[in-house]
Amino acid sequence: MTEPILTVRDLCVDYITDRGPVRAIDRVSLEVGHGEILGVAGESGSGKSTMAQALLRILPPPAVISGGEVLLGSTNLLALSEPELRELRWKRFSMVFQSAMDALNPVITVGEQLIDTLQAHTPMNAHQARERATKLLGMVGIPPAQLDAYAHQLSGGMRQRIGIAIALTLEPSLVILDEPTTALDVIVEREILEQIRELQTRLGFSVIFITHDLGRMLQFSDRVAVFYAARLVEIGPADSLRNAPRHPYTQGLLRAFPSLHGESTGRESIGGAPPSLQNPPPGCRFHPRCPLAMDRCRIEQPELLAIEPEHSVACFAVQ
Amino acid sequence: MRFLLRRLGFYCVAAWVALTLNFFLPRLMPGDPATALFARFRGRLGPEALQALRETFGLTDAPLWSQYLTYIGHALRGDFGISVAYFPTPVAQVIGTGLLWTIFLAGSAVIVSFAIGTLLGIAAAWWRRGWIDALLPPSLVFIGALPYFWLAMVSLYVLGFSLGWFPLGHAYSDDLTPSFSPVFLADVAAHAVLPVGSIVIATLGGWLLSMRNTMITILGSDYVNLARAKGLDPARVVLRYAARNALLPSITSFGMALGFVLGGSLLTEVVFSYPGQGYLLVQAVRSQDYPLMQGIFLVITLAVLGANWLVDIVYLWLDPRIRDSAS
Amino acid sequence: MSAPGSPRSIGIALWWEAIRRDRKAGMGAAVLLVFAFIALFGPLLVGDPQALVGIPLQPPSLQHLLGTTGQGQDVLTQLVIGTRVSLLIGFGVGLAVVLIGALVGVTAGFYGGRIDGLLSLLFNVFLVIPGLPLAIVIAAYLPTGSFTLALVLIVTGWAWNARVIRAQTLSLRQRDFVAAVIVTGESDARIILSEILPTMTSLLVAQVIGSTIYAIGAQVGLEFLGLGDVSAVTWGTNLYWAQNDSALLTGAWWTFAPTGICVALVGFGLSMLNSGFDEITNPRLQLERAWRDHLGRHGMKPARSTPVVRNHD
């Protein structure tokens, strides 16, 4: 097995508020292999979007990375200086933001937003950059005339495609998709996902696919990681998780999936609400809502242990 | 385009309201307006002046609506009547001389203040330091709370009277005749420093703080985050992504503040005896020259409306979303 | 009572919290308390401001702490006496314009349609017509005095509040809790009074503060031009007389300097109260302080990228 594209070990991220630090990501470890699609699932506030931005180190204040390692290939991202980061960003790994309407600058053309990326990292002149931008648009199925369009003139689906084109501008080896289809309707969503998969097969980049829609993710990903209350509770091949989920939370999410869409119903079938990250429950964070909770769960936090090769779970009941 | 026409329509309505106010205000005075006015002026005006005054106000024996139409008709032709204090000079002529000076004074002050304030606001949002965040807003708020004309008085006193660095009043030296010669222009500039400077100081803080606050909010938005994530040069992120967007609400508030700044500049003119509309207006009030007063009010209003429309044009140019929307 | 889920927590309590927690707001409150004290008790402690107590245009001395005016009156006394009237009129007008603005704004925002169109046009026109010239022209036709002054201030000042309150009403109107109450069939007036207005309490308080700042400044400006009652003693008329007695050109800075500073201090105090409140409702501005301290303690400076600060726990 070649070295993974991305290695995250015991990553910790805190938000420093005037009432003390709030831990948003608690000792999360995972790996992403070459050409692999890793799905990251969890409710809002579970830490999954925070992680996406933490990897790129673009989390706004008051976030700090308070521990762990993030290795992109063999480069330690947490040890890089500002100019080094700027050099590396987008070239080796990039991101598609959640809502493309907000992620595109409303007062300059979308073409310009592709071109400035190219000109910031390569010695292309304006003409060359424009040609390359046209090709990028073509890659996601958008006609070249739209280079001179403004974000507000385009549909939601088109804007999201442009977000993808921007992410692929420098042919990175890892692309992080943060809820790429949440704001879109179902038909457009499917088109976008197929487009991504087609590009991924063609260009060979790895993907971290973040969404709260577990069902969609299981169809799309090779492996899946499940977040709960800032911790990783289960990670394994998509098939394993779909057919035999081990963590009670994952099981609860899957039960919610077939009947209705969205996590609000999921919460109801699981019962209770996700904990506040400022005052998490002692021991295992899921224990107040867990049907399998034992005494030990109220005191100790379970660590992520492999119960099968490639499939790890953080739960005392399973281990 | 439709946007501009709609705005123009609005300004026409506003102008009409101003005209109508002008028409009804003399009739606000207790008693019959005609008699009341004449009572005030009786000792001072000859019969021709009284007659001119009547005609200016449309105070004839015709029914009200007819007086109104006559009045509007006069106004549209630029006939604001005859000035009482400068009798028999028509109001339009008296105003004419002062209008350019007011536009020069208020115009340069507001442009300089907005430009400097906005640029500094961008800088303050980008280079945030603990001490800047703590000290800057309160200091600027305090300075901005000082009345414009008081700042004018202080600057006149300190820089004009005590230190003698700048002239003590007027728009140009009494011994020069107006022309476009460099000597005259330099003299005008020297006389403009204190009045323009005091208005700039009084208003700068406001632009700075509002731009800074808008920038801080925008610097947290997704598209700025993406621009940073893309590894763009920080200068480009600040200017092309953040500031360019922050400029939009700034321009809007600029337009809304124009009338207010103009008011302040009128008061400043009084302090410096600057021969503009403000100074004229106060003289008119003191000598109860109602036609002149109302004429000045109309002209100032039209100037502000025109300036607002220009700002709308700039906004249209800056925001591509407005160009497309019909609503 | 109100519908379940209505956000009544946004109210005076938030205000009080702002003053306690934020230094700036506290500072503002302190300054205002000083002036309130002067306004309430000052006149009892000083003499008659109109009395001729010394040689005109005397610089500050032990006898006359702020010197004498161009007519030989005590500047400090005039300043103290003027405080009460200026603050009263300022606050009174501030309150009045918010009431009128709220009336118009809520009606326009709540009913929408033609009523909104008409009222919006009305206040937009009044916003765009320059206030000071309009005030001067109106005041010139009316008898001089506090009443005229207050009237013109109100006429030229209400439109801004109408605009802001209308915008807030519009956004509230669309919120679920309002829709829920409308369905219950309560009368419009009751809905407005018991659901919408209470939710806007904090906004209304901020508006009163802002309008008071405007009113004091505009009042001083108009009085400076001689449009108030020049025989009364207020901050504005103090400046009027200073200008009239050619204080500037005789070097008598004490006749106008202290007054301007007082006006600015009150405006400053009120603004600090408002901005302290802003920071509580706009957490972004406040958010970073703890973060910066944390970085500082580890010897780091804020950079653009998320910093790495390893905790040793």
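Which chain is which? They are A, B and C, in the order written, and residues in each are numbered from 1.
Basically, a contact is a pair of C-beta atoms (placed from the backbone, for glycine too) under 8 Å apart; a residue touches a chain by one contact, two chains touch by 3 or more.
Quick caveat: nothing in here was measured; it's all calculated off a predicted structure.
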| Nearest chain to the global Cα centroid? | C
| Contact-richer chain pair [A-B vs A-C] | A-B
| request: Between chain B and chain C, tell me the centre distance in angstrom, where each centre is the average of that chain's C-alpha atoms. | output: 22
| query | If you average the CA atoms of chain A and of chain B, how many Å lie between those two points? | reply | 53
| query | Which integer distance in Å separates the CA centroid of chain A from that of chain C? | reply | 48
| note | Residues of chain B that touch two or more other chains sit at 220, 228
| Which parts of chain C, given as residue numbers and ranges, touch two or more other chains? | 288-289, 292, 302, 304
| message | Residues touching two or more other chains, restricted to chain A: which are they? | response | 53, 58, 60, 85
| In their complex, what parts of chain B are in touch with chain A? | 220-223, 225-233, 236, 240-241, 244-245, 248, 318-321, 324
| task | Would you pull the chain C residues touching chain B in the complex into a rising list? | result | 24, 27, 121, 124-125, 127-134, 136-138, 140-142, 213, 217, 220-221, 224-227, 239, 242-243, 248-249, 251, 253, 256-257, 259-261, 263-268, 271-272, 275, 284-285, 288-289, 292, 296, 302, 304
| Contact set on chain A toward chain B in their complex | 53, 56, 58, 60, 85-91, 94-95, 97-99, 102-108, 116-117, 120-121, 150, 152-153, 166, 169
| request: Provide the residue numbers of chain C that touch chain A in the complex, in ascending order. | output: 286-292, 294-295, 302-311
| remark: Counting only contacts in the complex, chain B reaches chain C at residues 10-11, 13-14, 17-18, 21-22, 25-26, 28-29, 128, 130, 133, 137-138, 141-151, 153-154, 156-157, 161-162, 168, 213, 216-217, 220, 228, 234, 256, 258-260, 262-264, 266-267, 270-271, 281-282, 285-286, 288, 290, 293-294, 296-297, 300-301, 304-305, 308
